[in-house]
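Data first, discussion second: the structure below is written as C-alpha cells.
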Amino acid sequence: MSQRIPWVIKYRPKRIADVANQDQAKEKFIPWLRQWLQGRPPEKKAALFYGPAGVGKTSLVEAAAHEYGLELIEMNASDFRRKEDIERIAKVAATQMSLFGRRKIILLDEVDGISGTADRGGLDAILELIKITKHPIVMTANDPWDQKLRPLREASLMIPFNRLSERYVVQVLKRICAAERIECEDAALKYIAQRCEGDLRSAINDLQAIAEGYGKVTLDIVRNLVVSRDRQYTPWEMLRNLFMSKYAWQAKRAVTHTDLDYETILQWINENIPNQYTDPEDVWRAFESLARADIYLGRIKRTLSWDLLSYVFDLAGPGVALARKKSKFRWAKYSFPQKIMLLAKTKEMREIREALADAIAKRIHTSRTTVKREVLPYLMIIFRERPDYAARIAVGYNLTDNMIKYLAGPLYSQVKEHINMLLLRMEKPATASTRVETRATQPQTKNEEAGTSKARRATRKSSRRRRKGGGTQTTLPL
Amino acid sequence: MSSIAELLWAEKYRPRSLDEIVNQEEIVKRLKKFVEEKNMPHLLFVGPPGTGKTTAAHALAHDLYGENYLQYMLELNASDERGIDTIRTKVKEFARSRTPPGVPFKIVLLDEADNMTADAQQALRRLMEMYTASTRFILIANFPSKIIEPIQSRCALFRFTPLKKEDVIARLKWICEQEKCKYTEEGLETIYEISEGDMRRAINVLQAAAAIGTVTPDIVYKVVGLAHPREIREMIKLALDGQFQRARDQLRQLMINYGLSGVDVIKQIHREIFSQELKLPEELRVMIADYAGEIQFRLVEGADDEIQLSAFLAWLTLLGQKMRASS
Amino acid sequence: MSSIAELLWAEKYRPRSLDEIVNQEEIVKRLKKFVEEKNMPHLLFVGPPGTGKTTAAHALAHDLYGENYLQYMLELNASDERGIDTIRTKVKEFARSRTPPGVPFKIVLLDEADNMTADAQQALRRLMEMYTASTRFILIANFPSKIIEPIQSRCALFRFTPLKKEDVIARLKWICEQEKCKYTEEGLETIYEISEGDMRRAINVLQAAAAIGTVTPDIVYKVVGLAHPREIREMIKLALDGQFQRARDQLRQLMINYGLSGVDVIKQIHREIFSQELKLPEELRVMIADYAGEIQFRLVEGADDEIQLSAFLAWLTLLGQKMRASS
Amino acid sequence: MSSIAELLWAEKYRPRSLDEIVNQEEIVKRLKKFVEEKNMPHLLFVGPPGTGKTTAAHALAHDLYGENYLQYMLELNASDERGIDTIRTKVKEFARSRTPPGVPFKIVLLDEADNMTADAQQALRRLMEMYTASTRFILIANFPSKIIEPIQSRCALFRFTPLKKEDVIARLKWICEQEKCKYTEEGLETIYEISEGDMRRAINVLQAAAAIGTVTPDIVYKVVGLAHPREIREMIKLALDGQFQRARDQLRQLMINYGLSGVDVIKQIHREIFSQELKLPEELRVMIADYAGEIQFRLVEGADDEIQLSAFLAWLTLLGQKMRASS
Amino acid sequence: MSSIAELLWAEKYRPRSLDEIVNQEEIVKRLKKFVEEKNMPHLLFVGPPGTGKTTAAHALAHDLYGENYLQYMLELNASDERGIDTIRTKVKEFARSRTPPGVPFKIVLLDEADNMTADAQQALRRLMEMYTASTRFILIANFPSKIIEPIQSRCALFRFTPLKKEDVIARLKWICEQEKCKYTEEGLETIYEISEGDMRRAINVLQAAAAIGTVTPDIVYKVVGLAHPREIREMIKLALDGQFQRARDQLRQLMINYGLSGVDVIKQIHREIFSQELKLPEELRVMIADYAGEIQFRLVEGADDEIQLSAFLAWLTLLGQKMRASS
C-alpha cells in the first residue's frame, strides 16, 4: 500500500535546504554538526531543538542525516525511556563507528515528554549519555523550560525554532497540490494555513483529508469542514429560529436541532443577543438566562452529571427567546462569534505572553498568574517609555524578538536598535561588568547558551547577522 | 453472533455497517468516503454518551474489512488499563504487527480517550505519526478539550449530537415491524422521551414493553418504573394552584408507589414542564425549568430528597400565587 | 442462632418463614406460589429500607429448602464485595456446588444492587444468563430506576411499600408483650414517625427506649438523639415572633444538648413545619419549606452550621415581621 | 511521658484517671461503675470537640489496666487510616494479642468514627460483633446522627456537653497558678469565648498568650490571629455610616494584619452583630445575619475573599442609607 | 552598575541569604537555628503577599546547601501546577534524587498552598508523611485558616507580618542609591501607600517610575495609571451610556489582549467604581459593588467568564438607562 503513504511523510524534507523558514536554527546547527563530522566534537555534545509543534525540528535532523549519510538512531515518546533503555542507546553511542559502519546521529525526540513515573531515571541517564557519547545527540522539545529539564538545557546547545509563516505554509501546500495534481483554490489553502497557526504538519494532514475526501480543495469545502458541518440548521438558521420562537418548545427545538456543540451554541447566542434585542431590559434578561445556562455547563464539567445538559438547552434556548418583552421583532444581521475569531487571531500573542510569564516567574519565584498581573504591566511601561533601558532588560532576560514585540509594541524597532548597540559594545573586550557575570553563574539564571568564551563567539556571529538585517529571532548571550 | 444477540434487540439491531446507521447522516457520508477510498486520516469522535460513537467506529471497521473486522482492530476502553505503559507495549505491538495483504491499515479504537493521562497521550501522539502508514487511530471522547492539542491537530474531528426524535422513532418502528409487535404512536414517543436520545436505551425499553403487550405510554411508564406523566402534571398543578400540602402528599405517593428517587421525580417534572398538556404561560416554563435544574444539581451534590422536593413544590406554590396576583 | 440474635430484637423477631410475614400480603402470596411450584424466575425486590426485602428473600429460601437453607443460598452485598470480579468468582464457584434435593436451583442474593455501576450491572446480566440453569438471582435495590433495563426485563419485579402505621404499631405492641416492657400509645406512635416506615429501625429504637424505662415520646426522642419536636416548634415560634436572639439561644441549646448537626436541625424543622401542632398560615409553611431547601443545600456544600442556621432564624424573624405588618 | 507532654500544657494537665476529671460528673459516675465491675459494653462517646471524650476514654483504660494501659488499647483514627481494610487488619492483629490480667477484654478506641462512610460503618459493625469476646470498642464522634443505627444500638451512649464557663475559667486559673503566669479576668473570659467550650483549645491559647506576657484580651486576640472585636465593630459601623471606602480600608487592614481569610472575617462579623457592644436596632442585626449566611456560602464555594467582603460592606452601606432615610 | 544587562529589581535586590533579610527579625532568628542544627521540621509560612515568604524560603535553602542550592530544592506553585497528581509525580521523582552532602534532607517548596482544595491538601499531607525521611516541605500561604488542620499541626508556623512603612521606604531609598535614581520623599511614600505593604509590588512600581524620571507622586500615579488598563473605566462608562456592544468589545480586549481572568476584571471594576475618576452617584457605586459580588460567585460556578461578565455589562446598561430616565 505504498501509494497510501501519508503526505506528511511523503513530502518530508530530504535535504537541509528543504527545511525552510528556519535559517537561524540551521545557522547554529550546521556548524555544530560539521565540527562533529570533522572529528572535533564541540564542547556541547548535545543540541536541544525547541519550538512549537510541526515546525520542522525532527525534519531538520532527518534531512541532515540524509544529506550527510548518517545513520539515524531515534528514540521518542512512544518508546520507554527508562534508565536501562537510554543505557542501551548509550552503548551504541559510546562506540566509535566501525571501519565500514556509517557515522551515526542520535535523535532523542520530545524530551519534554519524558514521564516522571514510567521513565524513571531517564533524564539522569541522558545526561550520562551526553557525557560519553562519540556521536552527535539532538534532542527536541516543545517546552524546554520545565524545571526538570534544567540539567539538559545546561548541557546542550539551545536552538530555537520559529513558528512558520502563513505564506510559507501556503507555499508548501501549493507544492504538494501540484505534485498530487489536486485542483486547489488559493483562498482555500490560505484558510488552512491560517487555521493551522504555523503547524505545518497539521496543515498537510488537513489538506490530505480534504483532498482525498473530495478530490479537490475549494474554499467552500474547507470552510465546511473546518467550521461546523453536519447540521440541520446552520448557526444563522439556528439563531433565526431561536429568536422567532413564540413557544418554549420552538426555541428548544432550535437549539437542539443544530449540530453545533453546546459550547459553540452558547458562543453564537452570546454574540448575537445584542444584535437581536434593542431594549436594554430584554438584553439583560437574555444574558441572565444565558449566564444560567453557562452555570449548568460549568456544573456538568465539574460533576460530570450529563443529566444537567438539558437545562443548558432550556436556558440558552427558551430562556433567551422568551426574554424579549419590549423589543420588537426585527430581521437582524447576525455575526460570527467574535470571541472565537479573536482567540484564534491572538493565539500567538497569548503564547508569547505565557512564555514570557513563565520565564520571569521562574526567575522571581512566583506564579505565572502573579507575573501577568503584577510584573508584565510595569515591564510594558518601561518598554514603551524607555527603549534604551528596556533594551538592557531584554538582554538581561534573554527575551526573544516576539517577547520584545509584545512588550514594546510600536517602539519595537527602537528597542531593537538599542539592543544592537549594546551587542556591539559587548564585542569590545572587557566591557561586561562583573556584577552581571556573577548573576549569570547562578544556576537558575545561567545563560542557556554557553560559558562566556563561547558566548562571545556567538555574539559576534549574531551581531554580524543582524547587521546584514536578517533574522527574526534574538537569542542573546547575556 | 450468539443467542444473546438474538435475545437482546439492542444487540440484534445494532447497526453492523455504515448503511444501517440511520442518523448522523453527514458523519456517515464522510465515513463512507473513507471506505470508498480505502483510506482515512486519524479520527476523533466527540459527543455526549449514547450518540453512537462506538457503533460508528465498529461499522466503519466492518465496512472496511468485512465480517471479521475485529481481527484488524484493537479496542481499548476505559475499563482497560491505558497508562503510558500500555500505550507503549500493547498499542505499539499491534501497530508494528504485520498488516495483512489487501488491508490498507489496521485500526486502534480508544474509548474515552479524554480520560487518559497527558503522558499517555504524548506517547500516543508519536505512535500515531510513526505508524501512520499501517495504522489509523479512532479516538472517542466526551470533551474534546481534554485531548492534548498535538493529537487534535492530527485527527479529523467528528461531532456526534444527540439523536433526533424522528430518527429514533423511525428506528423503533422498523424494529417493531421486524419483531411484529403492536404499538401506538404515543407509545413510541414516550420511549423517545424517556431515553433522551440514547438509542440503546430506547430499544431496551421497547423490548421490555413489547414483552407485556401493545406498546402504549401506560405500558412504557410501567416498564421503566416511572410515574405516569398525568400524575406528575397533577402534582405540578396542585402546587401552582396553591394546594401545597396536597401536592406534597401526591409527591410522597409517587415516590412510594413507583419507588422513585428524588432525581427521578425532578427529571419527570422537567419533562412535563414543556409538555403542551400542561397549560402554562411560556415564560413560566423556563423559570420552572431553571429551578428544577437547580434542585437536581443539589440532589446530585447529595442534598436530601424530601427536603429539596418539598422546597421545589413550595417554590411552585409561591410562583402560582404571584401569577394569580399579577393577573 | 447465636446470642446476638437474642440480644437484638430486630433479629430475634425477624420472620423466619413466609407465613410469619404479616404485611406485604400481595407479595407474600406471589412468593408462596413459587414455593409450591418449586420454581421461579430471577427476582428483583425494590423498595425503601426496612420494608422487609431481605427478610422476604430469606423466608422464601427457608420455605424452599428448610431450616438449613443457608447452604443453598449465596448472599452477596454489593458494597462489601469490591467490583464485579469478586462477584463473578464467587458465583462461579457457588454454581458448581451441589444443588438442593427436590429443588432444581440455588439462590444468589445480591443486596444493594443499585449501588453497582452500569458496567458492573451489564456483567451481572451476563452472569445471570450464564448460570440460569442452576441458579436464580434475587436482586435487592432501593430505586428500580438505578437498575439497568436488560436486568429489569429479566426479572420478576416486586415492589415493597413502606409499612402502614397500624402494622408497625401492632408489631411493636406484640414485641412489647413478648418482652414485657411498658409503653404509652404516643411512645409507639413517635417511634413510627421517626422510623418512617422502616421496621428494622422501629424495632431498634423500641429496644433502646425500653432499656431506659417506659416507652414514652420523651424517652424515644432522647434515645434517637433528636430534639423534642416541641422545642423545635418553640424555636420557630420565637423567631417568627421577632425574638431572634432568644430563638438563637434555643438553637444553641438544641445543638449542644442533643449533639445535633446543622443538617439534623434543618430536617427536624422541615418535619415540624408540616405538623398541625404548629399553628401557621399555610403561606408561611410554603415559604419556610422553600428556604429550608436552600439552607440544607448550603450545609451539604460545607457551609458553617451556626452561621447558616442563624441566617435561617434571621430570615424567619424578618418573615414574621412582614406578616405582622401586612395584617 | 516525653518532653512534648511537658511542653504542651494541654497534655501536661490532661487528667490521667477518672478521678481527675472535674466535670461531666454524670458520665464519670457511669464509667467508674465499669471499672468496679471490670466489665462494660461497647461505648459511644459523642459531643463537640474538646469536651474530654478522648481524655475520658484514656482515663477509663488507665483505671482499668493501670499505668501501662496503652499496651491493652489500640487507638485508631478513622479519618487517618485509609479505609476499613486497614482498620480490619489492625483490629484482627490486636485481637490476637494477649489479654490484660484480671480484665477479660482489651479496648479499641476509634476516634472520629462519624467520618467513616456508611459502608465502612457497616463493616465496622461486623468487626465489633466478631471480636466481641475479647475486645470492647469505644467510638468517638461529634454527631451521633452520623453513626448508623445498628452501631448505635450496640453501644452504650455517652453525651459530652460543652464545658461551662465557670469550669473552664476555674481550670485556666488553676493552671495559671501552677505555671505562675499573670492574667486578667477579661483575658480568661476572652479565651473562654474564643474556644467555645473546647477545653484543649482554651489551654493551648492560654499557653501561647502566657508566653508573650500577661494574659489580656489584646494578647489573646493577637495570639489566635483574630482581629480585635473592636476593629470588626468599627468596620461594620463605618459601613453603616455610609463610609464605604474607609470600611473597606479597614477590611484590608484586617485581612493583611491578622492574615484573616474571608470566612474568618465573616465569622467574626457574625459574632459581633450579636454583641451588646454594637448598638444596632434588632431588625438590622437580623438582616445582617441573613446576608452573612449568603456570603459565607459563596466563600465556601470558592468565591474571592476580597470581592465578596467588599460586596458585603457595600450592602451594609446601602442598608445604612435606607435606615437613615426611613428615620 | 552594569551598563549592559539589567534585571528586574525585584530579582536583583532580592536577599540571597538569611543575613541579607532586613526585617522579620524574629523569623530570621528561628530559621538560622535550623541552618545551624542542619535540621528542621516541615514549615508553614503565612502572611500577606510581598512580605518575603518565598525569599526567606530560598535564603534558608541557600544557607543550608550553598550557592547551588536549587538542585536540592523542588519549587512548585500550587496555582500553576495542574492538580495534585502532577505535584505527587514531581515530588516522588524529586524524593528519589540524591540528597545533599552534609544535610540529611532536601526541600520541597510549595507556594500558594492555600489555593489547593481540601481534598488535594489531604493528599499533600500524605505525601509529606511518606517522604518525611528524605525531604522537608515548606508551604507558603496567604491565609493560615485555609490550610487544613492536619497539615498545620505537622508544620512549624511562621507568621510574616506586613512590612512597616519605614522599612519599605528605607529599602526603596537604598535601591535608589544603588541605582542612582532621583526621588522625592513624597514619591516613595506614594509608592508605599499604593503597594499596601507588598514589597515586591513597591519595587516594581519604583523601577517603572524611575525609568520614566524622578520618582515623584505624579510619576508614580502615572505609572500605576498606565499599569491598569484604561479599558476598564471605558467599559463601565460605555455600558452606563447604553453602548453595550462597545462595552463588550472592551471587555474582550481586557480578557484576551491583557489576559485578565474574570476575577481580575471584577477586581479592577471594584477598584474603578470607587475611584474619583469615574463620576458616579455614591448609591450607584454601592449597587454595582454588590452585584459584582454576585457575578463573581457565578464565575466560580460557571464555565465561561465572558458570558457571565456580559450579563454584568447588560445589567449596567439597564442601570444606566434607568438612571437617565429618572433624572
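Letters A, B, C, D and E mark the chains as written, and numbering starts fresh at 1 in each.
In this section, a residue touches a chain if its C-beta (ideal position, glycine included) is under 8 Å from a C-beta of that chain, and two chains touch if they have at least 3 such contacts.
It should be emphasised that the depicted structure is a prediction, and the values quoted were computed from it without experimental measurement.
Asker: Using the touch definition from the top, how many steps at minimum link subunit A to subunit B?
Answerer: Steps on the shortest route: 1.
Asker: Both subunit B and subunit C are touched by which chains?
Answerer: Per touch definition, common to subunit B and subunit C: zero chains.
Asker: Tell me which of C-D and A-E has more C-beta pairs in contact.
Answerer: Looking at C-D and A-E side by side, A-E shows more C-beta contacts.
Asker: What chain lies farthest away from subunit B once each centre is taken as the mean of the Cα atoms?
Answerer: D
Asker: Do subunit D and subunit E, two copies of one chain sequence, contact each other through the same residue numbers, with over half in common, or through different ones?
Answerer: Different residues, largely: of all residue numbers at this interface, under half are found in both copies.
Asker: Find the chain most remote from subunit A, comparing centres computed as mean CA coordinates.
Answerer: Measuring from the centre of subunit A, the most distant chain centre belongs to C.
Asker: Subunit A to subunit C: how many Å between their CA centres?
Answerer: Chain centroid spacing, subunit A to subunit C, equals 58 Å.
Asker: Measure off the straight-line distance from the CA centroid of subunit C to the CA centroid of subunit D, and report it in whole Å.
Answerer: The separation of the two C-alpha centroids amounts to 32 Å.
Asker: On a C-alpha centroid basis, what's the spacing between subunit A and subunit E, in Å?
Answerer: Roughly 28 Å, centre to centre.
Asker: Can you list the residues of subunit D that touch 2 or more other chains?
Answerer: Only 263, 301 qualify.
Asker: Specify, in ascending order, the residues of subunit A that touch 2 or more different other chains.
Answerer: Correct list: 117, 299, 301.
Asker: Make each chain a node and each touching pair an edge, then name the shape: line, ring, star, complete, other.
Answerer: Topology of the interface graph: a ring, with each chain touching two neighbours.
Asker: Hey, which residues of subunit A end up touching subunit B in the complex?
Answerer: Residue list for subunit A touching subunit B: 1, 4-6, 8-9, 53-54, 76-80, 109-110, 113, 115, 117-118, 196, 199, 201-202, 205, 208-209, 212-213, 225, 228-232, 246-249, 252, 256-257, 259, 261, 289, 292, 296, 299, 301, 303, 305-311, 314-315, 318-319, 322.
Asker: What residues of subunit A sit close enough to touch subunit E in their complex?
Answerer: Residues of subunit A touching subunit E: 116-117, 120, 147-148, 263, 266-267, 270, 274, 280-281, 283-284, 286-288, 290-291, 294-295, 297-299, 301, 338-339, 342-343, 346, 349-350, 353, 360-361, 363-370, 372-375, 377-382, 385-386, 389, 392-393, 395-397, 422, 425-426, 431-433, 435-436, 439, 442-444, 478.
Asker: Please output the residues of subunit D touching subunit C within their complex, sorted ascending.
Answerer: Residues 46-48, 119, 122-123, 129, 142-146, 149-150, 152-153, 157, 159, 161-162, 197, 263, 266-267, 270, 274, 282-283, 285-294, 296-297, 300-301 of subunit D touch subunit C in their complex.
Asker: If we count contacts the way the header does, which residues on subunit B are in touch with subunit C in the complex?
Answerer: Counting only subunit B, the residues touching subunit C are 4, 8, 10, 79, 201, 204-205, 207-208, 211, 223-226, 242, 244-245, 248, 256-261, 264, 295, 298, 301-304, 306-308, 310-315, 317-318, 321.
Asker: Quick one: in the complex, what on subunit B touches subunit A?
Answerer: Going by the criterion above, the answer is residues 24-27, 30, 33-34, 37-39, 41, 46-49, 83-85, 87-88, 92, 99, 104-105, 119, 122-127, 129-130, 132-133, 143, 149-150, 153-154, 156, 158-159, 161-162, 164, 196, 263, 267, 270, 274, 276, 282-283, 285-286, 289-290, 292-293, 296-297, 300-301.
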